[in-house]
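Worksheet: the structure to be examined is printed underneath.
Labels run A, B, C and D following the written order; every chain starts at residue 1.
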Amino acid sequence: MHQDGISNRNIQVSVEAEDFDVNQEYHWLRENQMRDGAIVTFVGLVRDMNAGEKVQKLCLEHYPAMAFASLQSIAKQATERWRLGKIRVIHRFGELDLGDQIVFVGVTSMHRGDAFAAAEFIMDFLKTNAPFWKKEQTAKGSRWVDAKQSDQDKTASWQK
Amino acid sequence: MHQDGISNRNIQVSVEAEDFDVNQEYHWLRENQMRDGAIVTFVGLVRDMNAGEKVQKLCLEHYPAMAFASLQSIAKQATERWRLGKIRVIHRFGELDLGDQIVFVGVTSMHRGDAFAAAEFIMDFLKTNAPFWKKEQTAKGSRWVDAKQSDQDKTASWQK
Amino acid sequence: MIKILFFAQLRERLGVAELTQDTLPDTIGALRNELSQQSGLWAELLQKERCLAALNQEIVADNAKLNSGDEVAFFPPVTGG
Amino acid sequence: MIKILFFAQLRERLGVAELTQDTLPDTIGALRNELSQQSGLWAELLQKERCLAALNQEIVADNAKLNSGDEVAFFPPVTGG
């Protein structure tokens, strides 16, 4: 476990309906720092197929008071495990179309292994702990997406 | 081992002196595909410190005929291990300043775990197999960067 | 007094997003049991196996103690990201 | 005839980037030994432990066979990325 002196200014979390601009986020991760040579980003998009059905639209419900705190807490946990520079997490809510951006995670570090691990850790915990729920619209009507056991397993694997 | 039908058009490799635009690369990864919900990117930058010395400039020598083939081969190996959509690899050569972008790896997949693993795999193999050599300029003069045992170990760990 | 929130399938199928109650069960588990007595539907949807609980915006186990003024939320396993 | 390329420290310290030779050693290892006989510096820099070899743009072991027209390259462990 690594206890890092990462300042709150360097952990930025947003929960918003608006779309985000990956370019702008990448520039924030890169600017005003010369120490971190590694930047890893993850973007999640609305896929056209899920559980064998063609998806037309997605509606993301969330628990506003908890969503922000939950993402912030996951980012902080990452800083306790790895030496990181900056962390950016964005999660959208509301109505989303096919191909739309849902989630952004960006991490900087001196070491690429730490940046990769931290970004994946944040995504894995977000998947099982952040209070968001997807409702898909398909030709057969709308349905709530089922949580996946594989996501639970991934989160559990970090706790070994 | 997964044998994927990824087309050559979906693996793009460049070895170039010019800087790259992360935004443009991200758009290429995202466009004309609705299947892959996960996009992972890695960017490597020139760091200000290495081996305890302040770096002023970097010169990247490469073996032109081999560099492209080597990156292409590493990308192909990734498609044999994971089901991927698109892969983009860019490596620069020549004179670079502090904070400049050196390398870009971008991968799309239906599954975030595959995208993370493939991007890290490509970086790890690039670090030990692609024919590039860094020469750093510091206040004490210029020096060739030493290869790291930790990089060898990372590549070896994928072969287990 | 405690505030109780419901999300996603729970909110839709129970037809309630939020309620407040004056009685104060000892724990999250006791509250879960109390609510489950309202009907078969409530009992089914609030089953521990398929319904997480958060206390003051943090996921907790059923033995978490309740205090007046707490915000409790019940929801299905999350599916964001 | 084979073409032999040198990169990075090897190129700088040997003072040669490229040479061609008409004789054709059996293997990369045999070529390495042959070149090492030129001087103590060559012997030192071409040591297998610190000098990789590529045959036609692919990293190979010392037992790789040479054919006329091949491009061989010697270089230190790579440090890109």
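Details
Simple rule for what comes next: a residue touches a chain if its C-beta (ideal position, glycine included) is under 8 Å from a C-beta of that chain, and two chains touch if they have at least 3 such contacts.
Given the structure is predicted, the values throughout are model-derived calculations rather than measurements.
A straight line joining the Cα centres of chain A and chain D is 47 Å long. Separating the CA-averaged centres of chain A and chain C is a span of 26 Å. In chain C, the positions touching at least two other chains are 81. Of all residues in chain B, those touching 2 or more other chains are 44, 112, 123, listed in ascending order.
Taken as a graph of touching chains, this assembly is arranged as a line, each chain contacting the next along an open chain of partners. Pairwise, the chains that touch each other are A-B, A-C, B-D. For chain B in complex with chain D, the touching residues are 44, 60-63, 65-66, 69-70, 91, 102-103, 123, 126-135, 144-147, 152.
Residues of chain C touching chain A in their complex: 5, 7-9, 11, 54, 57-59, 71, 73, 75-81.
Within the complex formed with chain A, the chain B residues making contact are 22-23, 26, 30, 34-49, 98-99, 110, 112-113, 115-116, 119-120, 123, 154.
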